[in-house]
Amino acid sequence: MISDHAVVRSEQIGEGTTIREFVVVEAGASIGRDCVIHPHVVIGSGVSIGDRVEIFPGTVVGKPPNGANAVARPIEYDRVVSIGDDCSLGPNAVVFYGVKIGRGCLIGDGASIREECTVGDQCLISRYVTVNYNTSIGDRTKIMDLTHITGNMTIGNDVFISVLVATTNDNALGARGYEEGQIIGPTIGDGAMIGSGAHLQPGVVIGNGAVVGSGSVVTRDVEARKVVMGVPARVVRDV
Amino acid sequence: MISDHAVVRSEQIGEGTTIREFVVVEAGASIGRDCVIHPHVVIGSGVSIGDRVEIFPGTVVGKPPNGANAVARPIEYDRVVSIGDDCSLGPNAVVFYGVKIGRGCLIGDGASIREECTVGDQCLISRYVTVNYNTSIGDRTKIMDLTHITGNMTIGNDVFISVLVATTNDNALGARGYEEGQIIGPTIGDGAMIGSGAHLQPGVVIGNGAVVGSGSVVTRDVEARKVVMGVPARVVRDV
Amino acid sequence: MISDHAVVRSEQIGEGTTIREFVVVEAGASIGRDCVIHPHVVIGSGVSIGDRVEIFPGTVVGKPPNGANAVARPIEYDRVVSIGDDCSLGPNAVVFYGVKIGRGCLIGDGASIREECTVGDQCLISRYVTVNYNTSIGDRTKIMDLTHITGNMTIGNDVFISVLVATTNDNALGARGYEEGQIIGPTIGDGAMIGSGAHLQPGVVIGNGAVVGSGSVVTRDVEARKVVMGVPARVVRDV
């Protein structure tokens, strides 16, 4: 059922799908079966959405990156987005072009995922999490509210990242502009857990199953299955 | 005055209320007198809004929780929302079903309040604050920008919580799933003050009138009218 | 080109400008040439937008401050907003009345800038950054995701502020209400760099070119070109 108040320019809308008032779906987008697209959603050209996906009000799927002369990194992206079956997005989430999201993911209110990122299956990207460009997130990983995931970062499967965690990728704090190869985010191994308000410095590697305590500042690599804490973080015990 | 460009399915709209362009009000919602509902607001069925309430663009009142196979906790909720007289909400705020907000509250841009929460009178829930399920907030309490309030948490009257404060409710960081009774947020007593960037660990009790310093990590209970600071936080003096 | 589904009450729309579906532009707003105003944007009366500006979905330009009986500070503001040429805003950004933004700025998803603030040229105010009232930001300054900039604060040119940084302006944590002259934010000098998750206390002065380490809590002034770290922050070396 497509509302008379929606503007739908695509004919690739699956059976049983509801499109509500004031939605805009561009030509070249495709939406699967039994989806619900709530009011005020915008779905761009080149976006492909699976079956049984629910998108809450105000979410934008398919935003071009736009530097407006103010960002250092040259921006390339594919004008496609893929959202797997059984996902829930929004309200007010933003998915940039060049993003691929697996099946059964929950993308929370206002979560914003930038270009060239991949998110696996059954992930939770919670409220107002911001994910920067070219980052890869595995399956069943949970990232809680108000956490920032930096660019050029790799996150494994079954990872838990708590609220208000900061990750960075540039020791020069922007002073040298964007030099490819110098801008490297952290790597987080499978099953690792990152406590609330922790800070992971550029390029650190968190081993599989390691635990980072709340409020820690991680300046060096953490071995698998170690627990680290403090500012700067030191090993306190095995898991 | 109801805009010709709005879709209003309820007849319970009070005298003197303005409903602007591209608003959606579902059947079974009720809105009091002298309210202003700005463009692109969505008000769900079962939502009850008092008098002289102003709701800014893009705010959603009455969102169902939706786990999409990615959250651990079984979700129950009442399909009602109550917003008291003289409140101001948004823009882009999100109020889930099962929430009750008192009179004279200011809910800031993008603040998001999940199911089964109650907020007292004259509270400020500022920009991008996220409040999790089943949390109770007293009267005249202020929670500043970008702070996360966890689930199963209790906050008293006249509390001040500064910006970028983290609270958590699960020592296992999600590793054990949702076990009822094991997932307990902090308790904050009347008149307590929590500094910017503090972290309150699961289950800690902050006594009445206590003060937590900026950047502290609170791992143990804090007695009434004590000042604590540091990582981990220790008592430094009386208030 | 103005969509038939938009509501445009102003005649001051420049040549080559596109206004998309479900946009609201109030009488008395002016928009320059070759702009793109995406769906669901609201532009208030008294707003003046330059040439080649792109505004993404759900952004609100021209929001009145609204205390709803819950904020301490008396609110005064001019019912104008000025956005310079070549800016990009949103999605879901919020620009309050009384704000002036220079040329070539990028205002990220959900960034919210309150009344009586000025932002220079070529700035980046990234995703979900919240800027409080009466704050001044210089040219070419970058403020990264999920950072809070407090009220009555001054930020110089070429400053870099990383993610999840907290700044505050009130040592009494709201306990004394709003006393003019007692509520003073930090001052950040030209070329200073503030690491992720740092906290700057009320009234501290960060000298030109100084560097604040990640996770530091800055309680005292920092001299120009010094590097400080720790909780509380101490000088560790020269830049």
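Letters A, B and C mark the chains as written, and numbering starts fresh at 1 in each.
One rule holds in what follows: a contact is a pair of C-beta atoms (placed from the backbone, for glycine too) under 8 Å apart; a residue touches a chain by one contact, two chains touch by 3 or more.
This is a predicted model, so every value here is computed, not measured.
Trainee: Please classify the inter-chain touch graph. Allowed labels: line, ring, star, complete, other.
Mentor: If you draw each chain as a dot and join those that touch, every dot ends up joined to every other.
Trainee: Over half of interface residue numbers shared between chain A and chain C means same, under half means different, so which is it?
Mentor: different
Trainee: In steps of 5 degrees, what rotation angle do you get fitting chain A onto chain B on the CA atoms?
Mentor: It is a rotation of 120 degrees, to the nearest 5.
Trainee: Using the average of all C-alpha atoms in each chain as its centre, how far is it in Å between chain A and chain C?
Mentor: Chain centres of chain A and chain C, defined by C-alpha means, are spaced 24 Å apart.
Trainee: Note the residues in chain C that touch 2 or more other chains, in rising order.
Mentor: Correct list: 22, 40, 58, 92, 110, 128, 146, 164, 197, 215, 231.
Trainee: Can you check the complex and tell me which residues of chain C touch chain A?
Mentor: Where chain C meets chain A, its residues are 5, 20-22, 38-40, 54, 56-58, 86-88, 91-92, 104-106, 109-110, 122-124, 126-128, 142, 144-146, 160, 162-164, 193, 195-197, 211, 214-215, 230-231.
Trainee: Note which residues of chain B are touching chain A in the complex, please.
Mentor: Spelled out, the residues of chain B in touch with chain A are 7, 22, 24, 40, 42, 58, 60, 63, 66-71, 92, 94, 110, 112, 128, 130, 146, 148, 150, 164, 166-168, 173-175, 197, 199, 201, 215, 217, 231.
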